[in-house]
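Starting off with a structure, shown below.
So that you can tell them apart, the chains are marked A, B and C in the order they are listed, and the count of residues begins at 1 in each.
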Amino acid sequence: MSDSEDVAVRLRDVVFSYVRNATLPEPEELTGEADPDEREGPVLRGVDVSVPADSFTVVMGASGGGKSTLLRTFNAIIPDFIDGSFRGEVDVLGVDATETRVSEMARDVGMVLQDYESQLFGTSVEAEVAFGPENLAVPAEEIEPRIEQSLDLVGLDDLEPHREPSGLSGGQKQRLVFAGVAATHPELLVLDEPTSDLDPRGTRDIVDVVNTLSAGDAAGGDWSGPDTIAMVTHKIEEALLADHAVLLKDGRPFRSGTVREVFTDTDALTAARVAVPPLVEAFDELGWPEDDLPLLPEEARDRVAAADAEYEAPAEPGVAPGGTGAEPGDLLFELSDVTFAYDTDRGPVTAVDGVDLTVREGEVVALVGHNGSGKTTLAKHFNGLHEADDGSVSYRGRPVPEYGMGEIGREVGFVFQNPDHQIFAETVREEVAFGPKNFGLTGEELERRVDRALETVELDGLDDADPFAFSKGQRQRVALAGILATDPEVIVFDEPTTGLDATQQRQFMDLVAELNREEGVTVVMVTHDMGTVARYAPRTVVMRDGAVADDLPTRELFGDEATLAEYDLVPPHPAACANAVRGDEPTALTAEELATALGGTDALADAEPVGDGASTATEGADR
Amino acid sequence: MRELLTMWRDTRMVMLVAVVAAVYAALLIPFKLFTILPGLTSIRPANVLPVFFGIAFGPAAAWGSAIGNLIGDVFGGTFGPGSVGGFVGNFFFGLVGYKLWGNLGPLSSGEEPDFRDQRLRQLIEYVAVAVAAAAACAAIIAWVVDALELVPFSVLGPIILTNNAVSAIVLGPPLFYLAYPRVKEMGLLYPDVLRNEDLPDRANSAGAWAILVVPLVWIGIAVFVLGGAPGSTAQIGLGAVGFLVTAAAAYVAGENFSAVVRDA
Amino acid sequence: MSSTSLYVDADSFLHRLDPRAKLALLVAMAVPAYTFGRPAFIAIPFVAALVGLWIGQGLRNLRRVWFIIVALFVVGLVVWPGFVERGGPVVVDVGPLYLTERQTLFALGRSLRITSFILGGLVYVSTTSNEEIVRGMRGLGLPYAFCFAVGTALRLFPTFLDAAGTVRQAQEARGLEISSRNPIERARSFIPLLIPVFMTAFRNIETQSMALEARGFDTRSERTFYRDSDFAFRDWLAVGFTVAVSVASIALSTMGVGTF
């Protein structure tokens, strides 16, 4: 091809299955829809795609839809490293990647994955960054400036170079991964959901790093950043960093264009089972012209202003959009002056410092705050996993430590962040029955409880399946079922949605909401996800430095930009948009509420396009 | 034995060594104290790992167990000249599993260690493998520690043997039942990871039997015949012979587990 | 996590020594502890190890491991008299307990030996970071892949220790109790702890190996080393010291000095 100079990556007729020695279907057999539950079939089903040189391309699509698999052909992980069944042509930077070893591709292609723990190998920060260049036999004297440049690039230049990576925060670890990859000076950078496991602050840092890299001003020497970036993500803020988007469906590219075009194409997104951005959803609902839907709060505000639309109160104050936590009942938990410190080599470190808190029956309370603010430590006091050094925690008027672990465990369930930290049994059914059995249930009562729990989490019929073979979202539901089967009054969640994609998150949280609405289960959830807080928790407790910094209705919190800024919290997009236009009315927490608030006068339905979106899109194409 | 060197060419095997070592060390340390108090026999859950890893991950488990034990010494505060014995002993603890499973002639069940079909035969085979691994490890460590004149062979040998064997036998079957099929599903069994030319080209059950018998005989003679004060020439000499014969047997035995997996 | 490592982040003389030189010093301590038998002689390396621990600011690690050291010391005292010929004056004669001076001194010497070994090791561990441990191994000529595996294990091990703690909490919250009297049942109750730790560890191997190769890792191809230890004058001094001490102890002990 004469245009190969302008293309960084070109795939032709690529078919790939993770099954070894599989008979791959012929091209004409691959035209129909892929069965999402079919684990054995090919994941890439005749992919023809090219990534323009010097572009920043983002790849989107449903979970398990082949996004990551596609990216893995860019540096020969497929077919060199993964022993599956492959057919097709892959040309990366002028090299036939199907005939090249991964370690050879590493000279020009860098890759960052979601799970930072799996990508750190060094015994020190410095060793970690030097590792890549050492592997590629870069002369030792050239490595030193690269270490400096790379650490500077990711903002870790103030770290002690001999420090061990294990003590760093998640965000710092992921930045270190970026530094290690940048030190190899890749021409093409492949990013696979680089922020999915991070808290908001960590995410922001990584977004900054990606921004610097894509701008090509990674100052220093003969390398100023990768020419081309390819990224998988499902977050709009990140996708908007890119200029070009490819939507995958049924193992093939389905729609491509500028990020703006693709992310506002609600039909295409829905067809590809990708979550529609909330502002797009709201304005589409309001009848705004399809080719001019807003992605960011400022754009939405401009449209409201242009249309001169009125804002009305979207909902009753105090009610969560998810319909949860509506009517608090009796007092359940009373925490007074709770203080807790961890023992370390350097003496005790206070994690929770003088917390007073009450929780009533039927409430849904969100515990928010940055990493290290003490929210998880505090949450572990509710079921006695931690015992307060000072102060008291009582449940229904009786101190929690007075209950046996068996007693309180039955009343107060705790769902840990990572379901893999508890799943062990051979089948789903045995896994779910483990808790209730330990609490002394047997026979029919046990079977009935397990049946109901499995039904609730929509895993009935999968009793005999191996939970390890499940997706992350399903495993999280198995863990929840294991708690539900003990029939608790209260469930405490620690980061229930981390590592789940948008669809899985929504599905999981709707389940939690239903438990609260239908069965009156009290919910305390530790979370970073402001969208989840806004939709499901009428009340939010903000933690800072081990203490309760604020305890207020969620709608008030997200309606008060000054308070949010003080706590370094970013409101969900609908609230940010509402805050800019709402006057004295209460804020809107979700896309639906925003649509309700702005939909009273039909002003938006007849408005003229504002057009800033279109201009942003063309800007991107020139990059 | 070539596979013990060639495995280092494979990235997954190298990673397996590191993970085996890290997991082993992480589970050894909380129970550190029980290793060194004679008479205080305790079922330490970590002691089942080298046997499980040995069968599943083959050569990576030998290196991983050795390194893991060393890390356990370093972080547990028991690092010293005796750690050499711990390193070599645990190397064999991890080595024996894949040398023996499916390679013990009539004693072998011919099945993969998933404790589903032919459970009794699998249990018999497993107990033999676990005892052999525990004995090889115990004999080597007791020999080195005796030669350093730290603790007499007759005291330490039986303690390590019992501790290792009992926890491996008690915890092994449920562990294999739950973990083996999943590890296999992940494609991490060493016959699936290593290339065929890196696997031993023989399976000799006489060699495998020797691995089972020699360390036990060695411990028997050392405890019941020699006994006595540590550092004796006889004890050191017996150890040298026992160790060399065991190592030679490991060489001769090759492995038959990959054939068992292939036929399954 | 800081709480798992015994390494003390400081800048002592011992910290600045090359890790190989420190291993040499460990030998300088172990050889006399091994060749001599009499407690007065073994007390020298024992005290030297304590001094080393003081120089390396590792005395605080004793808080973490004192129990092991005391236990080893006591075990030595209890076990050894049974393996030594009686001789000299009687020290203890209470009922079945009958100990001569020779037995007591012998046992004391052996207990000092084993604890000296442990203390010496503790000095090394307290003053040598993981990074240095691995670099020292490479400096000794061990193959890179092996050193890499050790380094990665050192890097991963605290993660698994944390994971094991979380798993334990998660299962306890579901009513798992590990306190059954029956040792077999007690052991079986470890299964719900072992499996999750295992499976999280092994689930990641594929991703880790992939990430490794994507960073250019290939044990078959050439590589460079950014920071190789250079052996300074003080390191050579340490080696010289080790040779001198070792030769002297071996010579003296063969002449019968300091032995039984």
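A few points about this structure:
Throughout what follows, contacts are C-beta pairs under 8 Å (C-beta built on N, C-alpha and C of every residue); 3 or more make two chains touch, one makes a residue touch a chain.
Each chain and its UniProt protein: A = Energy-coupling factor transport system ATP-binding protein; B = Energy-coupling factor transport system substrate-specific component; C = Energy-coupling factor transport system permease protein.
Only a predicted model underlies this, so the values are computations on that prediction, with no experimental measurement involved.
Innermost chain of the displayed assembly, by C-alpha centre distance to the whole-protein C-alpha centre, is A.
Of the two chain pairs considered here, A-B and B-C, the higher C-beta contact count falls to B-C. If you average the CA atoms of chain A and of chain B, the two centres end up 42 Å from each other.
Our note on geometry: chain B versus chain C, Cα centroid distance of 21 Å, whole angstroms. Within chain B, the positions touching two or more other chains are listed as 11, 178, 182, 187. Residues of chain A in contact with at least two other chains: 81, 424, 468. Within chain C, the positions touching two or more other chains are listed as 5, 133, 148, 152, 154, 159, 163, 191, 194-195, 199, 203-204, 208-209, 212-213, 217-218.
Interface residues of chain A facing chain C in the complex, by the touch rule stated above, are 72, 75, 77, 81-82, 101-103, 105-107, 109-111, 113, 115, 117-124, 126-127, 130-140, 143-144, 147, 162, 164-167, 180-181, 184, 343-346, 380, 383, 385, 405-406, 409-410, 413-414, 416, 418, 420-424, 434-435, 437-439, 468, 482-483, 486.
Partner chain B is touched in their complex by these residues of chain C: 4-6, 30, 34, 61, 64-65, 67-69, 71-72, 75-76, 79, 83-84, 110, 113-114, 117-118, 120-122, 124-125, 133, 143, 145-146, 148-150, 152-154, 156-157, 159-161, 163-164, 183-184, 186-188, 190-191, 193-195, 197-199, 201-206, 208-209, 212-213, 217-220.
Within the complex, the chain B residues that touch chain A are 11, 177-178, 181-182, 185, 187.
Residues 1-3, 5, 60, 129-131, 133-134, 148, 151-152, 154-155, 158-159, 163, 166-167, 169-177, 191-192, 194-196, 199-200, 203-204, 207-218, 221-228 of chain C touch chain A in their complex.
Chain B makes touch with chain C in their complex at residues 8-9, 11-12, 14-19, 21-23, 25-27, 29-30, 32-33, 36-38, 42-43, 45, 48, 63-64, 67-68, 70-71, 73-83, 148-152, 155, 167, 170-171, 174-175, 178-179, 182-183, 186-188, 228-230.
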